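Here is the structure we will look at.
Naming follows writing order (A, B, C and D), and every chain is counted from residue 1.
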Amino acid sequence: MARRTYTCPLRWSDMDAFGHVNNVNFLRYLEQARIDFTLSGAGKTTQRTFPEVSVVARHEVDYLRPLVYRAEPVTVETWLTDLGEKSFTVAYEIKDTPGVAGAGNTVYARAATVMVPYDLSEARPRRLTAEERAVLTDYLEDQPVAV
Amino acid sequence: MARRTYTCPLRWSDMDAFGHVNNVNFLRYLEQARIDFTLSGAGKTTQRTFPEVSVVARHEVDYLRPLVYRAEPVTVETWLTDLGEKSFTVAYEIKDTPGVAGAGNTVYARAATVMVPYDLSEARPRRLTAEERAVLTDYLEDQPVAV
Amino acid sequence: MARRTYTCPLRWSDMDAFGHVNNVNFLRYLEQARIDFTLSGAGKTTQRTFPEVSVVARHEVDYLRPLVYRAEPVTVETWLTDLGEKSFTVAYEIKDTPGVAGAGNTVYARAATVMVPYDLSEARPRRLTAEERAVLTDYLEDQPVAV
Amino acid sequence: MARRTYTCPLRWSDMDAFGHVNNVNFLRYLEQARIDFTLSGAGKTTQRTFPEVSVVARHEVDYLRPLVYRAEPVTVETWLTDLGEKSFTVAYEIKDTPGVAGAGNTVYARAATVMVPYDLSEARPRRLTAEERAVLTDYLEDQPVAV
(Lines give C-alpha, C1' and ligand atoms only; values in the text may rest on other atoms or scores of the structure.)
Protein backbone atom coordinates (compact mmCIF):
# COMPACT_ATOMS: atom_id res chain seq x y z
CA MET A 1 0.00 0.00 0.00
CA ALA A 2 1.41 3.28 -1.07
CA ARG A 3 0.51 6.78 -2.04
CA ARG A 4 2.05 8.80 -4.78
CA THR A 5 2.99 12.43 -4.37
CA TYR A 6 3.15 14.82 -7.27
CA THR A 7 4.83 18.18 -6.75
CA CYS A 8 2.62 20.55 -8.68
CA PRO A 9 3.86 23.99 -9.80
CA LEU A 10 1.23 26.72 -9.93
CA ARG A 11 0.91 29.31 -12.68
CA TRP A 12 0.01 32.90 -12.03
CA SER A 13 -2.69 32.56 -14.68
CA ASP A 14 -4.43 29.90 -12.58
CA MET A 15 -5.92 32.77 -10.62
CA ASP A 16 -9.18 34.37 -11.66
CA ALA A 17 -10.50 37.92 -11.28
CA PHE A 18 -11.09 37.32 -7.56
CA GLY A 19 -7.37 36.78 -7.03
CA HIS A 20 -7.68 33.09 -6.06
CA VAL A 21 -6.72 29.98 -7.96
CA ASN A 22 -9.92 29.33 -9.85
CA ASN A 23 -11.84 26.22 -8.82
CA VAL A 24 -11.66 24.82 -12.35
CA ASN A 25 -7.88 24.93 -12.36
CA PHE A 26 -7.73 22.64 -9.34
CA LEU A 27 -8.86 19.97 -11.80
CA ARG A 28 -5.84 20.76 -13.96
CA TYR A 29 -3.69 19.90 -10.94
CA LEU A 30 -5.56 16.60 -10.58
CA GLU A 31 -5.11 15.91 -14.28
CA GLN A 32 -1.42 16.66 -14.14
CA ALA A 33 -1.05 14.35 -11.11
CA ARG A 34 -2.70 11.56 -13.11
CA ILE A 35 -0.42 12.28 -16.07
CA ASP A 36 2.60 12.03 -13.78
CA PHE A 37 1.23 8.72 -12.50
CA THR A 38 0.79 7.47 -16.05
CA LEU A 39 4.09 8.49 -17.53
CA SER A 40 6.13 7.22 -14.61
CA GLY A 41 4.58 3.81 -14.99
CA ALA A 42 3.26 3.08 -11.58
CA GLY A 43 6.68 3.12 -10.04
CA LYS A 44 7.09 -0.63 -10.10
CA THR A 45 8.35 -1.24 -13.58
CA THR A 46 9.97 0.83 -16.26
CA GLN A 47 7.01 0.16 -18.50
CA ARG A 48 4.02 2.42 -18.66
CA THR A 49 1.64 0.05 -17.00
CA PHE A 50 -0.86 2.60 -15.79
CA PRO A 51 -3.57 2.72 -18.45
CA GLU A 52 -2.16 5.23 -20.86
CA VAL A 53 -5.48 6.42 -22.14
CA SER A 54 -8.29 6.61 -19.65
CA VAL A 55 -11.27 8.89 -19.68
CA VAL A 56 -12.86 10.65 -16.74
CA ALA A 57 -16.31 9.30 -15.93
CA ARG A 58 -16.93 11.30 -12.77
CA HIS A 59 -15.31 13.93 -10.57
CA GLU A 60 -16.07 14.91 -7.00
CA VAL A 61 -14.16 17.83 -5.57
CA ASP A 62 -14.42 19.46 -2.15
CA TYR A 63 -12.81 22.86 -1.89
CA LEU A 64 -11.53 23.45 1.64
CA ARG A 65 -9.31 26.53 1.58
CA PRO A 66 -8.67 29.30 -0.95
CA LEU A 67 -5.31 29.07 -2.71
CA VAL A 68 -3.40 32.10 -3.95
CA TYR A 69 -0.60 31.91 -6.52
CA ARG A 70 2.89 31.55 -5.09
CA ALA A 71 6.21 30.39 -6.40
CA GLU A 72 6.14 27.33 -4.11
CA PRO A 73 4.40 24.27 -5.53
CA VAL A 74 1.56 22.38 -3.92
CA THR A 75 1.59 18.62 -3.48
CA VAL A 76 -1.06 16.38 -4.96
CA GLU A 77 -1.18 13.10 -3.09
CA THR A 78 -2.92 10.31 -4.97
CA TRP A 79 -4.11 6.80 -4.20
CA LEU A 80 -6.86 4.41 -5.27
CA THR A 81 -10.12 3.81 -3.45
CA ASP A 82 -11.69 1.43 -5.93
CA LEU A 83 -10.33 -0.98 -8.50
CA GLY A 84 -12.92 -2.66 -10.72
CA GLU A 85 -12.83 -4.60 -13.97
CA LYS A 86 -13.58 -1.62 -16.14
CA SER A 87 -12.93 1.36 -13.93
CA PHE A 88 -10.93 2.59 -10.98
CA THR A 89 -11.23 5.52 -8.61
CA VAL A 90 -8.36 7.88 -7.88
CA ALA A 91 -8.53 9.88 -4.64
CA TYR A 92 -6.48 13.04 -4.09
CA GLU A 93 -5.45 15.60 -1.57
CA ILE A 94 -4.08 18.96 -2.74
CA LYS A 95 -1.95 20.41 0.03
CA ASP A 96 1.13 22.30 1.05
CA THR A 97 4.44 20.66 0.20
CA PRO A 98 6.23 19.64 3.39
CA GLY A 99 9.63 21.18 3.88
CA VAL A 100 9.08 24.03 1.47
CA ALA A 101 9.98 27.37 3.02
CA GLY A 102 6.90 29.22 4.10
CA ALA A 103 4.60 26.27 3.56
CA GLY A 104 2.24 25.18 6.28
CA ASN A 105 0.22 22.01 6.26
CA THR A 106 -2.96 23.28 4.74
CA VAL A 107 -5.15 20.94 2.71
CA TYR A 108 -6.78 22.97 -0.08
CA ALA A 109 -9.00 20.33 -1.65
CA ARG A 110 -9.96 16.67 -1.60
CA ALA A 111 -11.22 14.94 -4.68
CA ALA A 112 -12.02 11.64 -6.33
CA THR A 113 -12.18 10.69 -9.99
CA VAL A 114 -13.70 7.61 -11.58
CA MET A 115 -11.47 6.67 -14.52
CA VAL A 116 -12.38 4.31 -17.36
CA PRO A 117 -9.64 2.79 -19.53
CA TYR A 118 -10.35 3.69 -23.10
CA ASP A 119 -9.42 2.24 -26.45
CA LEU A 120 -8.84 5.27 -28.68
CA SER A 121 -8.71 3.31 -31.94
CA GLU A 122 -12.01 1.57 -31.17
CA ALA A 123 -13.42 4.69 -29.48
CA ARG A 124 -14.85 2.72 -26.57
CA PRO A 125 -14.15 1.71 -22.98
CA ARG A 126 -12.11 -1.40 -22.37
CA ARG A 127 -11.23 -3.69 -19.45
CA LEU A 128 -8.13 -3.24 -17.36
CA THR A 129 -5.46 -5.79 -18.20
CA ALA A 130 -4.13 -8.10 -15.50
CA GLU A 131 -0.81 -6.29 -15.58
CA GLU A 132 -2.47 -2.91 -15.10
CA ARG A 133 -4.49 -4.25 -12.18
CA ALA A 134 -1.38 -5.69 -10.56
CA VAL A 135 0.33 -2.33 -10.57
CA LEU A 136 -2.70 -0.38 -9.47
CA THR A 137 -3.35 -2.74 -6.56
CA ASP A 138 -0.32 -1.29 -4.79
CA TYR A 139 -2.10 2.03 -4.50
CA LEU A 140 -5.45 0.68 -3.35
CA GLU A 141 -6.64 1.67 0.11
CA ASP A 142 -9.62 0.47 2.07
CA GLN A 143 -10.65 3.93 3.11
CA PRO A 144 -13.83 5.25 1.68
CA VAL A 145 -13.54 8.02 -0.84
CA ALA A 146 -12.37 11.07 1.03
CA VAL A 147 -15.03 13.42 -0.22
CA MET B 1 -40.53 26.71 -10.73
CA ALA B 2 -38.29 27.31 -13.66
CA ARG B 3 -35.07 26.30 -15.25
CA ARG B 4 -32.62 28.58 -16.93
CA THR B 5 -30.97 27.72 -20.22
CA TYR B 6 -27.61 29.11 -21.19
CA THR B 7 -26.49 28.76 -24.80
CA CYS B 8 -22.82 27.95 -24.49
CA PRO B 9 -20.42 28.44 -27.41
CA LEU B 10 -17.51 25.99 -27.58
CA ARG B 11 -13.94 26.90 -28.44
CA TRP B 12 -11.70 24.74 -30.55
CA SER B 13 -9.09 25.00 -27.80
CA ASP B 14 -11.45 23.26 -25.37
CA MET B 15 -10.30 20.02 -26.97
CA ASP B 16 -7.27 18.17 -25.67
CA ALA B 17 -4.72 15.95 -27.41
CA PHE B 18 -7.30 13.14 -27.62
CA GLY B 19 -9.51 15.32 -29.82
CA HIS B 20 -12.35 15.60 -27.31
CA VAL B 21 -13.49 18.53 -25.21
CA ASN B 22 -11.36 18.03 -22.12
CA ASN B 23 -13.23 17.06 -18.96
CA VAL B 24 -11.88 20.10 -17.12
CA ASN B 25 -13.35 22.48 -19.68
CA PHE B 26 -16.84 21.17 -19.00
CA LEU B 27 -16.46 23.03 -15.70
CA ARG B 28 -15.79 26.22 -17.64
CA TYR B 29 -19.18 25.75 -19.28
CA LEU B 30 -20.76 25.35 -15.84
CA GLU B 31 -18.96 28.45 -14.61
CA GLN B 32 -20.08 30.47 -17.59
CA ALA B 33 -23.69 29.31 -17.06
CA ARG B 34 -23.48 30.56 -13.45
CA ILE B 35 -22.01 33.86 -14.65
CA ASP B 36 -24.89 34.24 -17.07
CA PHE B 37 -27.28 33.51 -14.20
CA THR B 38 -25.57 36.14 -12.04
CA LEU B 39 -25.31 38.94 -14.55
CA SER B 40 -28.86 38.57 -15.74
CA GLY B 41 -30.10 38.94 -12.20
CA ALA B 42 -32.31 35.94 -11.80
CA GLY B 43 -34.69 37.10 -14.47
CA LYS B 44 -37.18 38.59 -12.06
CA THR B 45 -35.80 42.03 -11.44
CA THR B 46 -33.40 44.31 -13.20
CA GLN B 47 -31.14 44.17 -10.20
CA ARG B 48 -28.40 41.62 -9.82
CA THR B 49 -30.03 39.64 -7.07
CA PHE B 50 -28.18 36.41 -7.59
CA PRO B 51 -25.24 36.53 -5.19
CA GLU B 52 -22.65 38.33 -7.23
CA VAL B 53 -19.70 36.74 -5.55
CA SER B 54 -20.06 33.13 -4.51
CA VAL B 55 -17.37 30.54 -4.16
CA VAL B 56 -17.52 26.91 -5.16
CA ALA B 57 -17.52 24.58 -2.18
CA ARG B 58 -18.05 21.32 -4.06
CA HIS B 59 -18.48 19.96 -7.57
CA GLU B 60 -19.87 16.66 -8.75
CA VAL B 61 -19.74 15.94 -12.45
CA ASP B 62 -20.84 12.86 -14.36
CA TYR B 63 -19.50 12.62 -17.90
CA LEU B 64 -21.96 10.78 -20.10
CA ARG B 65 -20.87 11.25 -23.71
CA PRO B 66 -17.72 12.58 -25.39
CA LEU B 67 -18.08 16.01 -26.94
CA VAL B 68 -16.11 17.15 -29.99
CA TYR B 69 -15.69 20.78 -30.98
CA ARG B 70 -18.29 22.12 -33.40
CA ALA B 71 -19.53 25.54 -34.41
CA GLU B 72 -22.93 24.83 -32.84
CA PRO B 73 -23.24 25.70 -29.14
CA VAL B 74 -24.35 23.36 -26.40
CA THR B 75 -27.03 24.26 -23.90
CA VAL B 76 -26.42 24.32 -20.17
CA GLU B 77 -29.67 23.95 -18.32
CA THR B 78 -29.51 25.05 -14.67
CA TRP B 79 -31.76 24.87 -11.65
CA LEU B 80 -31.45 24.63 -7.88
CA THR B 81 -31.72 21.47 -5.81
CA ASP B 82 -30.97 22.95 -2.43
CA LEU B 83 -31.36 26.39 -0.90
CA GLY B 84 -29.93 26.85 2.58
CA GLU B 85 -29.08 29.79 4.78
CA LYS B 86 -25.44 29.90 3.78
CA SER B 87 -25.25 27.81 0.64
CA PHE B 88 -27.22 26.63 -2.35
CA THR B 89 -26.79 23.86 -4.87
CA VAL B 90 -26.94 24.42 -8.60
CA ALA B 91 -27.70 21.41 -10.80
CA TYR B 92 -26.88 21.31 -14.51
CA GLU B 93 -27.33 19.37 -17.69
CA ILE B 94 -25.00 20.02 -20.62
CA LYS B 95 -26.75 18.97 -23.80
CA ASP B 96 -27.48 19.62 -27.44
CA THR B 97 -29.30 22.83 -28.22
CA PRO B 98 -32.78 22.04 -29.56
CA GLY B 99 -33.51 23.37 -33.01
CA VAL B 100 -29.88 23.80 -33.98
CA ALA B 101 -29.12 22.22 -37.34
CA GLY B 102 -27.40 18.92 -36.91
CA ALA B 103 -28.01 18.79 -33.18
CA GLY B 104 -29.53 15.71 -31.62
CA ASN B 105 -30.72 15.45 -28.07
CA THR B 106 -27.60 14.10 -26.46
CA VAL B 107 -26.87 14.87 -22.81
CA TYR B 108 -23.10 15.16 -22.40
CA ALA B 109 -22.84 15.69 -18.66
CA ARG B 110 -24.81 16.19 -15.47
CA ALA B 111 -23.36 18.13 -12.59
CA ALA B 112 -24.06 19.81 -9.28
CA THR B 113 -22.21 22.58 -7.49
CA VAL B 114 -22.50 23.71 -3.89
CA MET B 115 -22.10 27.48 -3.87
CA VAL B 116 -21.35 29.65 -0.85
CA PRO B 117 -22.03 33.42 -0.97
CA TYR B 118 -18.83 35.19 -0.15
CA ASP B 119 -17.93 38.62 1.18
CA LEU B 120 -14.79 39.58 -0.74
CA SER B 121 -13.96 42.57 1.46
CA GLU B 122 -14.23 40.48 4.64
CA ALA B 123 -12.77 37.43 2.91
CA ARG B 124 -15.33 35.09 4.43
CA PRO B 125 -18.62 33.32 3.67
CA ARG B 126 -21.84 35.16 4.38
CA ARG B 127 -25.55 34.38 4.60
CA LEU B 128 -27.91 34.73 1.67
CA THR B 129 -30.09 37.83 1.95
CA ALA B 130 -33.85 37.51 1.98
CA GLU B 131 -34.00 39.11 -1.45
CA GLU B 132 -31.49 36.65 -2.88
CA ARG B 133 -33.44 33.73 -1.42
CA ALA B 134 -36.67 35.03 -2.88
CA VAL B 135 -35.22 35.07 -6.37
CA LEU B 136 -33.45 31.75 -6.07
CA THR B 137 -36.61 30.02 -4.79
CA ASP B 138 -38.08 30.25 -8.27
CA TYR B 139 -35.42 27.85 -9.53
CA LEU B 140 -35.67 25.35 -6.70
CA GLU B 141 -36.82 21.83 -7.58
CA ASP B 142 -37.63 18.95 -5.33
CA GLN B 143 -35.70 16.46 -7.36
CA PRO B 144 -32.62 15.03 -5.82
CA VAL B 145 -29.33 16.12 -7.28
CA ALA B 146 -29.08 14.56 -10.69
CA VAL B 147 -25.67 13.03 -10.22
CA MET C 1 -11.78 41.98 -51.77
CA ALA C 2 -13.57 41.24 -48.56
CA ARG C 3 -13.14 40.98 -44.85
CA ARG C 4 -14.59 38.37 -42.59
CA THR C 5 -16.17 39.19 -39.25
CA TYR C 6 -16.30 36.70 -36.42
CA THR C 7 -18.57 37.44 -33.47
CA CYS C 8 -16.53 36.29 -30.51
CA PRO C 9 -18.14 35.54 -27.13
CA LEU C 10 -16.00 36.25 -24.08
CA ARG C 11 -15.73 34.03 -21.03
CA TRP C 12 -15.52 35.35 -17.51
CA SER C 13 -12.46 33.16 -17.01
CA ASP C 14 -10.63 35.08 -19.75
CA MET C 15 -9.91 37.67 -17.08
CA ASP C 16 -6.85 37.43 -14.90
CA ALA C 17 -6.18 38.55 -11.33
CA PHE C 18 -6.02 42.18 -12.48
CA GLY C 19 -9.63 42.00 -13.63
CA HIS C 20 -8.87 42.44 -17.34
CA VAL C 21 -9.03 39.95 -20.17
CA ASN C 22 -5.53 38.53 -20.03
CA ASN C 23 -3.30 39.36 -22.98
CA VAL C 24 -2.76 35.68 -23.75
CA ASN C 25 -6.48 35.07 -24.16
CA PHE C 26 -6.65 37.64 -26.94
CA LEU C 27 -4.79 35.02 -28.95
CA ARG C 28 -7.59 32.55 -28.21
CA TYR C 29 -9.95 35.00 -29.88
CA LEU C 30 -7.64 35.16 -32.90
CA GLU C 31 -7.45 31.37 -32.99
CA GLN C 32 -11.20 31.03 -32.80
CA ALA C 33 -11.61 33.56 -35.63
CA ARG C 34 -9.26 31.45 -37.75
CA ILE C 35 -11.21 28.31 -36.85
CA ASP C 36 -14.41 30.01 -37.92
CA PHE C 37 -12.72 30.96 -41.17
CA THR C 38 -11.59 27.39 -41.71
CA LEU C 39 -14.81 25.58 -40.90
CA SER C 40 -16.96 27.90 -42.96
CA GLY C 41 -14.82 27.22 -45.98
CA ALA C 42 -13.93 30.65 -47.16
CA GLY C 43 -17.49 31.51 -47.92
CA LYS C 44 -17.22 30.80 -51.62
CA THR C 45 -17.88 27.11 -51.76
CA THR C 46 -19.39 24.53 -49.49
CA GLN C 47 -16.07 22.77 -49.33
CA ARG C 48 -13.52 23.50 -46.65
CA THR C 49 -11.04 25.15 -48.93
CA PHE C 50 -9.20 27.14 -46.32
CA PRO C 51 -6.20 25.00 -45.34
CA GLU C 52 -7.67 22.78 -42.68
CA VAL C 53 -4.45 22.27 -40.80
CA SER C 54 -2.10 25.20 -40.67
CA VAL C 55 0.45 26.01 -38.02
CA VAL C 56 1.31 29.39 -36.63
CA ALA C 57 4.80 30.54 -37.61
CA ARG C 58 4.64 34.02 -36.13
CA HIS C 59 2.34 36.32 -34.17
CA GLU C 60 2.44 40.07 -33.75
CA VAL C 61 -0.11 41.62 -31.42
CA ASP C 62 -0.58 45.24 -30.42
CA TYR C 63 -2.75 45.78 -27.35
CA LEU C 64 -4.57 49.09 -27.59
CA ARG C 65 -7.23 49.15 -24.88
CA PRO C 66 -7.98 47.00 -21.82
CA LEU C 67 -10.98 44.71 -22.19
CA VAL C 68 -13.18 43.65 -19.26
CA TYR C 69 -15.53 40.68 -19.38
CA ARG C 70 -19.08 41.46 -20.47
CA ALA C 71 -21.96 39.46 -21.84
CA GLU C 72 -21.71 41.22 -25.21
CA PRO C 73 -19.30 39.63 -27.70
CA VAL C 74 -16.45 41.38 -29.43
CA THR C 75 -15.93 41.23 -33.17
CA VAL C 76 -12.77 39.86 -34.73
CA GLU C 77 -12.37 41.21 -38.24
CA THR C 78 -9.95 39.23 -40.40
CA TRP C 79 -8.32 39.64 -43.80
CA LEU C 80 -5.10 38.65 -45.55
CA THR C 81 -2.07 40.87 -46.03
CA ASP C 82 0.20 38.33 -47.68
CA LEU C 83 -0.37 35.22 -49.76
CA GLY C 84 2.72 33.23 -50.64
CA GLU C 85 3.41 29.76 -51.99
CA LYS C 86 3.92 28.20 -48.59
CA SER C 87 2.51 30.72 -46.16
CA PHE C 88 -0.06 33.46 -45.76
CA THR C 89 -0.57 36.27 -43.28
CA VAL C 90 -3.85 36.89 -41.51
CA ALA C 91 -4.46 40.39 -40.11
CA TYR C 92 -7.03 41.07 -37.39
CA GLU C 93 -8.82 43.77 -35.48
CA ILE C 94 -10.54 42.92 -32.20
CA LYS C 95 -13.23 45.51 -31.58
CA ASP C 96 -16.69 46.29 -30.34
CA THR C 97 -19.54 44.68 -32.23
CA PRO C 98 -21.56 47.34 -34.04
CA GLY C 99 -25.21 47.51 -33.10
CA VAL C 100 -24.79 45.70 -29.80
CA ALA C 101 -26.41 47.60 -26.93
CA GLY C 102 -23.85 49.45 -24.91
CA ALA C 103 -21.07 48.82 -27.39
CA GLY C 104 -18.95 51.69 -28.63
CA ASN C 105 -16.47 51.48 -31.44
CA THR C 106 -13.35 50.69 -29.48
CA VAL C 107 -10.55 48.72 -31.10
CA TYR C 108 -8.92 46.56 -28.41
CA ALA C 109 -6.10 44.99 -30.41
CA ARG C 110 -4.58 44.65 -33.84
CA ALA C 111 -2.65 41.55 -34.79
CA ALA C 112 -1.10 39.56 -37.62
CA THR C 113 -0.28 35.88 -37.88
CA VAL C 114 1.92 34.11 -40.39
CA MET C 115 0.31 30.73 -41.08
CA VAL C 116 1.97 27.75 -42.75
CA PRO C 117 -0.18 24.95 -44.24
CA TYR C 118 0.88 21.72 -42.61
CA ASP C 119 0.67 18.08 -43.57
CA LEU C 120 -0.09 16.28 -40.31
CA SER C 121 0.57 12.79 -41.66
CA GLU C 122 3.96 13.80 -43.04
CA ALA C 123 4.59 16.16 -40.11
CA ARG C 124 5.92 18.92 -42.33
CA PRO C 125 4.88 22.15 -44.06
CA ARG C 126 3.32 21.94 -47.49
CA ARG C 127 2.44 24.31 -50.35
CA LEU C 128 -0.95 25.90 -50.71
CA THR C 129 -3.02 24.26 -53.42
CA ALA C 130 -4.30 26.31 -56.34
CA GLU C 131 -7.83 25.96 -55.02
CA GLU C 132 -6.83 27.22 -51.59
CA ARG C 133 -5.05 30.19 -53.11
CA ALA C 134 -8.05 31.04 -55.25
CA VAL C 135 -10.30 31.27 -52.20
CA LEU C 136 -7.79 33.14 -50.06
CA THR C 137 -7.18 35.72 -52.79
CA ASP C 138 -10.62 37.16 -52.11
CA TYR C 139 -9.46 38.27 -48.68
CA LEU C 140 -6.13 39.72 -49.73
CA GLU C 141 -5.61 43.45 -49.22
CA ASP C 142 -2.77 45.64 -50.34
CA GLN C 143 -2.42 47.37 -47.03
CA PRO C 144 0.66 46.67 -45.04
CA VAL C 145 0.26 44.61 -41.91
CA ALA C 146 -1.65 46.73 -39.43
CA VAL C 147 0.71 46.23 -36.53
CA MET D 1 24.91 42.31 -18.28
CA ALA D 2 23.05 39.14 -17.47
CA ARG D 3 20.29 36.89 -18.60
CA ARG D 4 17.74 35.20 -16.42
CA THR D 5 16.70 31.59 -16.89
CA TYR D 6 13.33 30.31 -15.82
CA THR D 7 12.79 26.56 -15.67
CA CYS D 8 9.29 26.15 -17.02
CA PRO D 9 7.26 22.98 -16.35
CA LEU D 10 4.84 21.97 -19.10
CA ARG D 11 1.33 20.70 -18.55
CA TRP D 12 -0.22 17.95 -20.59
CA SER D 13 -3.19 20.23 -21.18
CA ASP D 14 -0.93 22.71 -22.99
CA MET D 15 -1.31 20.47 -26.02
CA ASP D 16 -4.15 20.96 -28.46
CA ALA D 17 -6.05 18.52 -30.66
CA PHE D 18 -3.04 18.28 -33.02
CA GLY D 19 -0.93 16.83 -30.21
CA HIS D 20 1.46 19.79 -30.00
CA VAL D 21 1.80 22.46 -27.35
CA ASN D 22 -0.63 25.06 -28.67
CA ASN D 23 0.93 28.29 -29.92
CA VAL D 24 -1.13 30.33 -27.47
CA ASN D 25 0.26 28.44 -24.49
CA PHE D 26 3.80 29.47 -25.42
CA LEU D 27 2.69 32.90 -24.23
CA ARG D 28 1.76 31.40 -20.89
CA TYR D 29 5.39 30.29 -20.59
CA LEU D 30 6.51 33.83 -21.38
CA GLU D 31 4.09 35.22 -18.81
CA GLN D 32 5.26 32.80 -16.17
CA ALA D 33 8.90 33.73 -16.90
CA ARG D 34 7.99 37.39 -16.37
CA ILE D 35 6.19 36.52 -13.13
CA ASP D 36 9.28 34.69 -11.93
CA PHE D 37 11.33 37.75 -12.83
CA THR D 38 8.94 39.99 -10.89
CA LEU D 39 8.56 37.96 -7.74
CA SER D 40 12.26 37.31 -7.40
CA GLY D 41 12.90 41.03 -7.50
CA ALA D 42 15.51 41.34 -10.16
CA GLY D 43 18.02 39.32 -8.22
CA LYS D 44 19.90 42.30 -6.88
CA THR D 45 17.91 43.17 -3.81
CA THR D 46 15.40 41.43 -1.61
CA GLN D 47 12.80 43.99 -2.61
CA ARG D 48 10.51 43.51 -5.53
CA THR D 49 12.04 46.16 -7.70
CA PHE D 50 10.84 44.83 -11.01
CA PRO D 51 7.60 46.72 -11.76
CA GLU D 52 5.05 44.62 -9.97
CA VAL D 53 2.19 45.50 -12.25
CA SER D 54 3.01 45.98 -15.90
CA VAL D 55 0.75 45.48 -18.86
CA VAL D 56 1.63 43.96 -22.19
CA ALA D 57 1.59 46.51 -25.00
CA ARG D 58 2.91 44.27 -27.76
CA HIS D 59 4.02 40.69 -28.40
CA GLU D 60 6.09 39.27 -31.21
CA VAL D 61 6.57 35.52 -31.28
CA ASP D 62 8.42 33.36 -33.79
CA TYR D 63 7.64 29.66 -33.58
CA LEU D 64 10.65 27.63 -34.66
CA ARG D 65 9.99 24.00 -33.69
CA PRO D 66 6.93 22.07 -32.54
CA LEU D 67 6.93 21.14 -28.87
CA VAL D 68 5.26 18.02 -27.48
CA TYR D 69 4.39 17.56 -23.82
CA ARG D 70 7.05 15.83 -21.73
CA ALA D 71 7.84 15.58 -18.05
CA GLU D 72 11.06 17.55 -18.56
CA PRO D 73 10.71 21.34 -18.33
CA VAL D 74 11.80 23.82 -20.95
CA THR D 75 13.94 26.83 -20.15
CA VAL D 76 12.80 30.37 -20.84
CA GLU D 77 15.80 32.66 -21.07
CA THR D 78 14.96 36.35 -20.68
CA TRP D 79 16.78 39.64 -21.08
CA LEU D 80 15.99 43.25 -22.03
CA THR D 81 16.48 44.79 -25.45
CA ASP D 82 15.03 48.21 -24.71
CA LEU D 83 14.64 50.29 -21.58
CA GLY D 84 12.69 53.52 -21.96
CA GLU D 85 11.08 56.00 -19.59
CA LYS D 86 7.65 54.43 -19.80
CA SER D 87 8.24 51.02 -21.30
CA PHE D 88 10.77 48.23 -21.63
CA THR D 89 11.13 45.28 -23.96
CA VAL D 90 11.70 41.75 -22.73
CA ALA D 91 13.25 39.26 -25.16
CA TYR D 92 12.96 35.50 -24.71
CA GLU D 93 14.15 32.17 -25.96
CA ILE D 94 12.18 29.04 -25.13
CA LYS D 95 14.51 26.07 -25.36
CA ASP D 96 15.61 22.74 -23.98
CA THR D 97 16.98 22.78 -20.46
CA PRO D 98 20.69 21.91 -20.52
CA GLY D 99 21.67 18.87 -18.50
CA VAL D 100 18.17 17.39 -18.39
CA ALA D 101 18.17 13.75 -19.46
CA GLY D 102 16.95 13.37 -22.99
CA ALA D 103 17.05 17.09 -23.71
CA GLY D 104 18.80 18.39 -26.76
CA ASN D 105 19.55 22.00 -27.49
CA THR D 106 16.49 22.86 -29.52
CA VAL D 107 15.16 26.42 -29.52
CA TYR D 108 11.35 26.25 -29.82
CA ALA D 109 10.51 29.93 -30.00
CA ARG D 110 11.91 33.43 -29.81
CA ALA D 111 9.79 36.32 -28.64
CA ALA D 112 9.75 39.91 -27.49
CA THR D 113 7.24 41.78 -25.36
CA VAL D 114 6.85 45.51 -24.86
CA MET D 115 5.83 46.05 -21.24
CA VAL D 116 4.33 49.20 -19.78
CA PRO D 117 4.40 49.80 -15.99
CA TYR D 118 0.87 50.37 -14.86
CA ASP D 119 -0.75 52.05 -11.89
CA LEU D 120 -3.72 49.82 -11.03
CA SER D 121 -5.34 52.31 -8.64
CA GLU D 122 -5.17 55.10 -11.22
CA ALA D 123 -5.84 52.69 -14.09
CA ARG D 124 -3.18 54.23 -16.29
CA PRO D 125 0.43 53.76 -17.41
CA ARG D 126 3.18 55.25 -15.28
CA ARG D 127 6.92 55.97 -15.59
CA LEU D 128 9.55 53.56 -14.40
CA THR D 129 11.14 54.69 -11.14
CA ALA D 130 14.89 55.28 -10.94
CA GLU D 131 15.23 52.21 -8.73
CA GLU D 132 13.38 50.03 -11.22
CA ARG D 133 15.54 51.30 -14.06
CA ALA D 134 18.70 50.61 -12.09
CA VAL D 135 17.76 46.97 -11.62
CA LEU D 136 16.53 46.46 -15.16
CA THR D 137 19.71 47.95 -16.63
CA ASP D 138 21.59 44.83 -15.57
CA TYR D 139 19.57 42.80 -18.04
CA LEU D 140 19.82 45.18 -20.95
CA GLU D 141 21.65 43.98 -24.05
CA ASP D 142 22.61 45.88 -27.16
CA GLN D 143 21.42 43.18 -29.49
CA PRO D 144 18.42 43.93 -31.61
CA VAL D 145 15.23 42.14 -30.72
CA ALA D 146 15.71 38.51 -31.64
CA VAL D 147 12.53 38.14 -33.63
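A few notes on this one:
The definition used in the following text is that contacts are C-beta pairs under 8 Å (C-beta built on N, C-alpha and C of every residue); 3 or more make two chains touch, one makes a residue touch a chain.
Per UniProt, the chains are A, B, C, D = Acyl-CoA thioesterase.
Given the structure is predicted, the values throughout are model-derived calculations rather than measurements.
Among the remaining chains, those touching subunit A (Acyl-CoA thioesterase) as well as subunit C (Acyl-CoA thioesterase) are B, D.
Contact tally for B-C versus A-B: the pair with more C-beta pairs in contact is A-B. Between the Cα centres of subunit B (Acyl-CoA thioesterase) and subunit D (Acyl-CoA thioesterase) there is a gap of 36 Å. The centroid of the Cα atoms in subunit B (Acyl-CoA thioesterase) and the matching centroid in subunit C (Acyl-CoA thioesterase) are 30 Å apart. Inter-chain centre distance (subunit A (Acyl-CoA thioesterase) to subunit B (Acyl-CoA thioesterase), centres taken as mean C-alpha positions): 24 Å. Shared contact sites, meaning residues of subunit C (Acyl-CoA thioesterase) that touch two or more other chains, fall at 12-13, 24, 28, 31. Chain contacts here are complete: no pair of chains fails to touch. The touching residues of subunit C (Acyl-CoA thioesterase), counted against subunit A (Acyl-CoA thioesterase) in their complex, run 12-13, 15-17, 19, 22, 24, 69. The touching residues of subunit A (Acyl-CoA thioesterase), counted against subunit B (Acyl-CoA thioesterase) in their complex, run 18, 20, 23-24, 27-28, 31, 53, 55-63, 66, 120, 147.
Contacts from subunit A (Acyl-CoA thioesterase) toward subunit D (Acyl-CoA thioesterase) in the complex involve residues 9, 11-13, 28, 31-32, 35-36, 39-40, 71.
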